[in-house]
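Each chain gets a letter, A, B, C and D, in the order it is written, and its residues are counted from 1.
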């Protein structure tokens, strides 16, 4: 089957192109009697919305979400929830400079090769605009988690690296993520990053980034080994976000350099609960949540749209050059933070429901 | 649904426990008229098989695979291919020392919590023994790729890091991977690693590793955006392998530190073909293969079974200690190399068939 | 997973309630470069639309379909096709007489029991209004079949029984189905049925019916044994239509009374093609299309909404009575004809694409 | 995807050919801690087994089932349950008379056309031998239903028509079904049928049949509208059985001839429970179980293998004739009774688990 859906039990299918009349998604499997209204979703969408600071694309979209089905008298009914956002700022610009050229690092060439046709307006389906519906679906997933788990789960994201610049983990303060336009948990780093990104933006360049998403309060037992492990599904969900090139859980790639002794998360009783000495595992053992924080990081490549001319080819098989004027994110990793949180929410909601099927 | 299957069009379901009578898999969707015999699979299984050197577990398994269905007169018929391997060395040891304790870093605690029961003999279903069937399915997938794509695709894997020790990429020689017990593409590094791993093994410790798998000759156009992207499905497949904690495509996490200029894979015509100036993307653009080499790396944590006693708890909620005597891999990353190759093969075969459904 | 989608490779998910703001569907897997515009779908929707004669419900709906994604410059792009129809005649009547009562023969009681909530306005999700999106999806499926099979496939439906009144198969004339409001292939029977149904309608009663759908020009080879047989998937698709209580293929239930000799469809060569002496099988052998006409019939129960008071219970567990005033179809079987055709189209399109995955 | 699996949450995949070394199935999604042993399954298999009377094929198969995984210390562990039956009586006869000819009414021609190859030995994959694994899976499904629903569900089947001969419903006695080789609920009819079928058998002819399966004690709320309705999935499951040509629920095709008044199943309170005045609906309303008996009937065509020569063609495109000597069922409907029961069990188990995912 084609690949525009994610999840089994909490399954959402997104649709829409960057410059079509609207984008939307349908969520099948939302449990009944979950309180849900449009304003529950709008806050998350506003967090991802373009044009919020000078550090993101200046496209202006209200991103106003409408619920078209599945909710009656303020609660879900168990039928599909259909969400739609109208596109309002599809600038009717002239696309003649890119319609026949393949932008390096973009999906232009591969969509053309696969489908024999592509909607070149703003990247069409391959645009990061699609991620708005991920965030909307994530908002519904959070309501499902809250409803079933009585608000035990908290999902937070942060930008932990911009270009080559890491944050200092000693200075991590979750509260700071709301105080700067980067979701950076360290105020000093955020100040530096503002200068760095301004320079990149003004020169028409771009920067990569690393995002970390942490879910606390996840009950033990979620994940379906041996292929639909919780970490495997998180890896897929994060890797499916535009521009993501790597995903890791817990200690991740660093664990390759560890000895078995360094890597062991020892266990002990803490009253009636099991406690762990560390969380190298990132909250997942054997593909199943352990009750510790679920910790995921993913790498976002620098935006491929840059001002410096790049060599490329066109659909006629001729060598040519291309460069990008116009509205773009100098660091797409920033807006990937709320998207990553949303993907965490949908994967957890899906596995929560799946676990109920088999394990009651 | 439960999670013991992978793939849509080339879909395999594995079954079996470490100490059950047998392990096996069923592959649904194998195209008809593909030449297939047991010896096509046995070579790959022998590469993964335990006990091949002093650096892997000393469990002795013939891992002799039998084809029970789906093949008639030497070719596949389009019906399910059932593969079975009998377990022969399920050492009937006394499990009383671990049956009630949760081994740190293992799936003991999470299986117990999720299912309320666990087969503690050798890890049961969570044992790496399951990966033998991944390799067998990968062998069938290679035959499918060869049959449809006329042997254009070549899949190779290597160990590129053991513990903190990286290989030197300048000295990479694929031919070397067959000359040492580590699949290391650098003879000098392999010699060093032998000493390092011997030391770890003798002290009852263990080491992590990084595996790289490269597929050459993959046609452009494979991958189903926006959720079943080729890289997303590869990330899931690799992350589902036992002990894997991170996955990256192409430049991966390094791309986060790049500028847009550094990251751009420029394009030009090379005769009638499109050529790229570099492969930071790892052969995937917008979730679809570009025709470049598909490059995946994954991090494997150090084996959790070590000789040093670790603190843990038991099923009765009491604090206790545990350590591991007996047969174990000091670096499970080694045997993950053929498993990673197999996962590449099954994901490519699946996407090749899926692409035919929609795009003909 | 929840059940609001049908198909694997041509997969559509419908959403929307009878009295919500809109209904819609998303189709994932539409091949690229298929010509598609709204007017391709509108004709089929008009055929199903209520209020076309005095024999169907007098609800007035324009049923104007909009394509919101997946089409660019007149052809499909391989991305999801989103279709929406606004509801315009959700009469804002007082539902106080039915909101707490379970209408016999309707889904009121079972939705209430399953979900603990129901949208009682016009039946909510269980309304036959949902079938408009089946017809829209069927319209897309026909375009896919036409595009790939070069217009070889023709799908036609007819009402072959109303209440206890059968048509005479000797007088079957497909051209007549467009000349009467019943899709009846026999003009004389249609005239009789008009009188019969007028009487039922005026007395507030209702009648059942049998619908036959025939697809000609279907290539041999479609169907995925042994569970996703073509006839099994047709049975599911037809049985999923509101009010359907039975499905048969070819000779169907009559075949139970046959001897092996009577039932055999003998084969012979007719030039280069294989010809059959009869079509008791209804075009499917071993779950795979044979190239003969695919023939399906399904039984539609009489509308449960009738004027005579019926005993029932309410949500408070009290005995009560209910009867139906207002707009209803006296024979829902009539409008099931275009719905049955649409289900034939979507199942054939799905199996056409699925067959390409495995068999090329 | 290919079609050798059924179910979502209780999902089983069967494999194997009539004359291969073995047949088997893997069930993914079995809940943990369900008591299960081989003897729980063997009784159902013995009921379906060939050679039990002179009225079924004389092939001798022990049909001894082995559990290879998923059970530990007498209960399921939540991991896949693998079941295998060795084929023992694959008579090594000469197939030269049928290997190049397409038997009318069989799947020979369509498998050949679809796959370009077929295993002609005993029908290969299209043989009714595959149904042994349906019965085995059904046995596991019954244990799951018993475990979760505390043995409330009872599933029984009967042959209600042989050739043109119906039973008298007034004389229905479930206890009789075990007293004759036909699963006939009327002793007098069974005696008549013995004579009728003896005559057909001796003349090398065959007879069709109708099977009825009734599930009592099914809780209200099972079924996933609007496509995976309980009745839609039952229709698919039954239609997927070899030789089935029609399926109906409750009143089925007879309901087409009813008025709305005749068809209404009125409701009333019976103490705290809802009671119905009749069961025309067959226990399903709006695709969801109502708590009434779930009643399904299906028509089985007469065995296509008959002694009278039939015209056919061969793989070389030549006209020829064929007739069947050897072992065959004169009325395959008989052995379809336990298969129909098994399909009821697997569909109910699947929907029971699916309902838990969404509705808790």
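The working rule: a residue touches a chain if its C-beta (ideal position, glycine included) is under 8 Å from a C-beta of that chain, and two chains touch if they have at least 3 such contacts.
The shown structure was predicted, so the numbers you read here are calculated from the model rather than taken from an experiment.
Taking A-C and A-B together, the pair of chains sharing more C-beta contacts is A-B. Here the CA centre of chain A is 46 Å from the CA centre of chain D. If you average the CA atoms of chain A and of chain B, the two centres end up 26 Å from each other.
Inter-chain spacing, taken between the CA centroids of chain A and chain C, is 39 Å. Touching of two or more other chains is recorded for residues 1-5, 8-9, 14, 29-30, 32, 78, 111, 114-116, 125, 354, 357-359 of chain C.
If touching chains are joined by edges, the resulting network of the protein chains shown connects every chain directly with every other. Against chain D, the residues of chain A that register as touching in their complex are 1, 8-9, 29-32, 78, 148, 353-354, 356-360.
Residues of chain A that touch chain B in their complex: 1-6, 8, 14, 102, 104-107, 109-111, 113-116, 125-126, 130, 161, 163-164, 200, 205-210, 220-229, 231-240, 245-269, 272, 274, 277, 280-282, 285-291, 299-306, 308, 310-313, 317-319, 333, 354-355, 357-359. On the chain A side of its complex with chain C, the touching residues are 1-5, 7-9, 11, 13-17, 20-24, 26, 28-30, 32-33, 68-70, 72, 75, 77-82, 111, 114-119, 124-125.
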